[in-house]
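Structure in C-alpha cells, see below.
Just so it is clear, A, B, C and D label the chains in written order, and each chain counts residues from 1 on its own.
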Amino acid sequence: MKKIYNDVNQMVDEMIDGITTAHSAFLKRLPNTTVITRSDVRVQGKVGIVSGGGSGHEPAHAGYVGEGMLDAAVVGEVFTSPTPDQVLEALKAVDSGAGVLLILKNYTGDVMNFEMAKEMAEMEGIKVEQVVVNDDVAVQDSTFTTGRRGIAGTVFVHKIAGALAETGASLEEVKSIAEKTINNVRSMGVALSSCTVPAAGKPSFVLEDNEMEIGIGIHGEPGIKRVPIENADQITTTLLEKILADIDYSNSNVAVMINGLGSTPEMELYLVSRKVSQLLEEKEITIYRTWVGEYMTSLDMAGFSITVLKLDDQLKEMLNKPSKTIAFSN
Amino acid sequence: MKKIYNDVNQMVDEMIDGITTAHSAFLKRLPNTTVITRSDVRVQGKVGIVSGGGSGHEPAHAGYVGEGMLDAAVVGEVFTSPTPDQVLEALKAVDSGAGVLLILKNYTGDVMNFEMAKEMAEMEGIKVEQVVVNDDVAVQDSTFTTGRRGIAGTVFVHKIAGALAETGASLEEVKSIAEKTINNVRSMGVALSSCTVPAAGKPSFVLEDNEMEIGIGIHGEPGIKRVPIENADQITTTLLEKILADIDYSNSNVAVMINGLGSTPEMELYLVSRKVSQLLEEKEITIYRTWVGEYMTSLDMAGFSITVLKLDDQLKEMLNKPSKTIAFSN
Amino acid sequence: MIILTVEKTKKWMREIQKLMEENKEQLTTLDQAIGDGDHGINMERGFREVMLKIEDTDYDTVADVLKSVAMTLTAKVGGASGPLYGTAFLKMSMEMQGKEVDETVFKAAVKEAVEGIKMRGKAEMGEKTLYDVWNQVANFLEEEPVEDWGALLEVCQATIEDTREMQATKGRASYLSERSKGHVDPGSMSSFYIFQALMTVVETED
Amino acid sequence: MIILTVEKTKKWMREIQKLMEENKEQLTTLDQAIGDGDHGINMERGFREVMLKIEDTDYDTVADVLKSVAMTLTAKVGGASGPLYGTAFLKMSMEMQGKEVDETVFKAAVKEAVEGIKMRGKAEMGEKTLYDVWNQVANFLEEEPVEDWGALLEVCQATIEDTREMQATKGRASYLSERSKGHVDPGSMSSFYIFQALMTVVETED
C-alpha cells in the first residue's frame, strides 16, 4: 500500500499541524506538544475531558475535540500510546479547577502512560479521574489478563461524557455516566485486509483472497480467527450475535455504530447497517439512532466493526446534545 | 480487493435500503425507485434541488440530502448514471410548484439521462433548470469535446444552492448562485491505486508500486499521466499549481476541500491540507474554511483531490448556513 | 423480402443477450482501458432486462417489440449507452410503425436510429464512439442490398479497428485526450454484437 | 570491580542504539506476528533519542546518565515498552544514586529494575513479556558472579525461546489467546539486545 507523506518520522507531527491549521476556527495545538485542544480550552467551571492514544485511528481522537465532546486529544506515534509528559500537558491545559476525566482504551501502553501522567498531574494538584473503555467482545474478559481492548465504542463514551460535562456536571457525575456507557457498550470487528504501518512499510499480516480475520482490533494485530470470507449478511450476523450474547439487550433501545476500518467503501458499510437493522428488529431491540462511517480506523485496513450501546433516558439525552467537532456533529 | 456484499446485482438496492433505514429520522426512499429524499420532501414554496449519479461515490450523493442541501438524490448503478424515469420520480417528488434545480456533473451519461428526465418533467408541467458541474482542471476544457468532468467541487454547489433555496429564493436565483459557484470552483486529483468495480471483480487499472496517476477522475478511468510517485508536498504542489493557474485567485478568500478517494487514511489527507495551507499563504490567498475527509469517493481507490472555491460574501454566507445531512453538517 | 417479424425480433434480442453475456468481460475490459469499466455490465444487465420484459409478452408488430426494447434499455441501463441505444431502438420503432419490415423499411429504420444517436449524443463521425459503427452501417446499407450480411459485419469490424487510433472527443474516453489512442471503443464493439446477432437471425430459416 | 562508569554507560547506550537500529525490522516483524508491528520502530526511536540527549551531555555519575536515559525513554517511546524500560532504568538509577557501580550495586540495581517492571506492568513470570527475561537475568545474577556474561546471554536466549510456546496473558499479545503461541515475544528480544550491548561494553577494555 503506497502512502502519501514527506518524512515518515515527521508524519504525526505534520498531521497535527494539518489538523489544527485546517480547523483553526475551533482547534489549536499546544505549542511544542502533540496535544490538540479546543481553541477555547479551559472552559471555566467545566470538567475537562481528555482522551488520546496512538495515531492511525483518525478521525479518532482529534476529530472528537470540540464543544460538547473532548477538550483535548493527546496524539501518539502510529499505534503507540502517547507519553506521560504529553498527557500531563493536556491535563494542565484543560483543567479549570473542576477536575479532568481521562478516557482511555484498555491497552497496556495507554494505561501505563496515562496513569503515570495522572500521578504527575495529581502531584500538581489537579483532580483527575479515569475510565477505561473495553468494548471489544472478541477478546475474552478476565482479570488475570489484560482483558478486553477498547475500540469504536469509545466514541460514544466521548460523546456522552462530553455532553454531560458541558452541562456543568461534577467530575464524579461525568465519570459515572462514562462508566455507565462503558458498561453498556459492546463492539466487534472483522478485517478483509491488513493495514500497513508507514514506518514498517509492509502489511502487518497477510490475508489470502478468500480469507477474513474475525475479531480484529484497530492496530493490525491479528484477530481471533481466520476463516473463509462470507457474504455481508453472514459476516454481520456472526459479529452481531457475539455482541448480543454478551449483555442482555432484550427489549432495550440501542444506538448502533457501523464503523469502517479505513478502506471499506461506505456502500459496503450500509449493507452491514441494513442487516443489523433487520436482525435487531427480529429480536425486538429498537434502534434509537444509527451512525455509519469511519469513526475509529486502523490506517488503510479493509473491514468494519459493529457497536451496540444499550440506552436509558439519560444516555439518549446526552447522545442528542449538540456537539461541534470534525467527525461527530449534532 | 475483497468486497462485502450479498448479491452483486443487489448491492445498490441494498445500500439504498441501508441508508434510508439508518437515517430514517430525516431520509426516506421513494417506494420502488432508487430515489432518496428528505423525509419532509416537497417543502412548500421552496425550490427543489435534485442531484445524483452513479453510485460508488458515497457519501455522494445521498449523504448531501437534508435540510439546507439537496431535496433528493437519484442513485444509479455503480459508476452508471441513473435512468431518466428515476430522475423524473425525484423531480415529481420534490416539486412544490416553485420549480426544481437539477445539479449534475458533466458526464455524457448523466447529461443525457438527466436531460431526458427534464424534458419529461417539463411535459408534466414542472419547471426544471439544470446546472452542470465541470470543476476538474485535469481535463482540457473545450466546446468540441465532452469538456471537463465534475468531481468533488460538486459538493460546494450542493451546499451553496441548497442554502439559498432554503431561504425561499426563486429558481432563477438558485440557478444563478449554482452557476456562480461552478464558475469559481476548480479541482484536481491523483490516484495511488485503482478502484475495483464490484461487478467487474478486477481493478480498473494497475499501478506499479512506484507509480501514481495524476489527474484521475472518480470512476477509475485512467488519469492524465502516470508518473513516479512523489512525496506529499510535491504531489500537493503539482495539483494546486494546476488549479491556481486556471482562474485568477489572487487576493481572494477561498474554501478548500481535501477529498479522500476511498482508502487513503485521514492522516495522509491532513499532510496534503497542511501543504495547501502553506502554499496558499505564500500566494496571499486567504483560506476561509477547509474541509478534509471523504466527500466524493471512487469506491476503494487510494488518492485524493484538492478543490479550491473562490468566495464572495454571498458564497461565504451560504457556506456557513446550517445543513443537516449525513456527510455535510454545519 | 421480410427482414423482421415479431418472432424474429424477439430472437434478435435473445441473440444480443447471449452475445452480451458471453462478451461481458471483454466489453468491461475495453471500457476499463479508456472508460470506467462498466460497459459489459451495463449491456448484460440491459439485455437481460429486455428479455425479461419481452420474452413472454405478446406483441402485434415489430414496432411494438422494439418500443418495449427501447423503453427497457432506457429505464434499465443508464450511463451513456442506455439513452443512446434506447434512442436508437425507439427511432427504429417509430419508423416501422404500421409497416411490415422489408428491406426499405429496415434501411430507413437504421437511418433513423443513426440520426437519433447523433441527436442524443451530439456525436460526429470519427469521435471514437458507437456512432461511428452505426453511421458506417447506414452508409453501407445506402449502397448495398441487405443480403450481404457478412460484408456488413466486415464494415463494423473495420470501423471498430478505425476507432483504435482515434483520439476520443466525446464520451468518457475524451477525458484521456492523447491517451485514448491505442484502444478500440467499447460501445463500437457492443454495436457490432447487435448487428452480428441480427445476421444470425435473418440468415436462419424460421 | 567497577562494572559501569559514566563513559561505559554511554557506550552501553550507544551499543543498544546500534543493535536496535540493526534489528528494527526483526523486532517489528516479531511484533507484527502477535502485536501491532511497532516494537522495532519504538525501540529505534527511543534509543536514537537517548543518544541525542546523552551523547554530548556531561554527567557526574552513572546514576545521572541512567536517569537521563529513563526520562528520555519515558518521554519519547510511548506504547507499552516506553514506560516499562523507562521505569527499569529509573529504578536502576535510583539504586545507584551516590554509589560506584560495582558488582553488588549492579546486581541490586537490576533487581530494582525487575521490581519496577513488575510493578509498572503488573506482570508475573510466564506471561510472555519482557518481564520474563529481566526476571531470569535477576535470578541468574543472584546465583552467579557477573563475570560470565556469555552464560547470562544464554539465560536470556533460553527465556526468549520459552516465551515462544507460552500463551500471552499480558500486553497486546494477550488479545490473541491461543493464537499467541508459536511466536517469541518481541519485548523479550529487545531486552536481550540490552544485555547483549552491556556484555560488549563490560568485556571491552577502556
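Basically, a residue touches a chain if its C-beta (ideal position, glycine included) is under 8 Å from a C-beta of that chain, and two chains touch if they have at least 3 such contacts.
Note that this is a predicted model, so its numbers are computed, not measured.
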Subassemblies held together by touching, chain A left out: B, C | D
item	value
Far-end chain from chain A, centres as C-alpha averages	C
Whole-Å gap between the CA centroids of chain A and chain C	54
Cα-centroid distance, chain C relative to chain D, in whole angstrom	74
Averaged-CA centre spacing for the pair chain D and chain A, given as whole angstrom	31
Chain A and chain B: spacing of chain centres that average the CA atoms, whole Å	29
Contacts with two or more other chains, residues of chain D listed in rising order	none
Topology of the chain contact graph, where touching chains are joined (line, ring, star, complete, other)	line
All pairs of touching chains, each written as two labels joined by a dash	A-B, A-D, B-C
Residues of chain A touching chain B in the complex	1-6, 11-12, 14-15, 17-19, 21-23, 25, 55-56, 58-59, 63, 192-193, 209, 212, 229, 231-233, 235, 256, 258, 262-274, 277, 289-290, 292-294, 297, 299-300, 302, 304, 326, 329
Footprint of chain B on chain C - complex, ascending	28, 32-38, 40-42, 45, 74-84, 120-121, 169-172, 174-177, 179
Residues on chain A engaged by chain D in the complex (per definition of touch)	9, 54, 76-85, 107-109, 112-113, 116, 136, 138-140, 144-146, 149, 197, 199-200, 204-205, 217, 219-222, 224-225
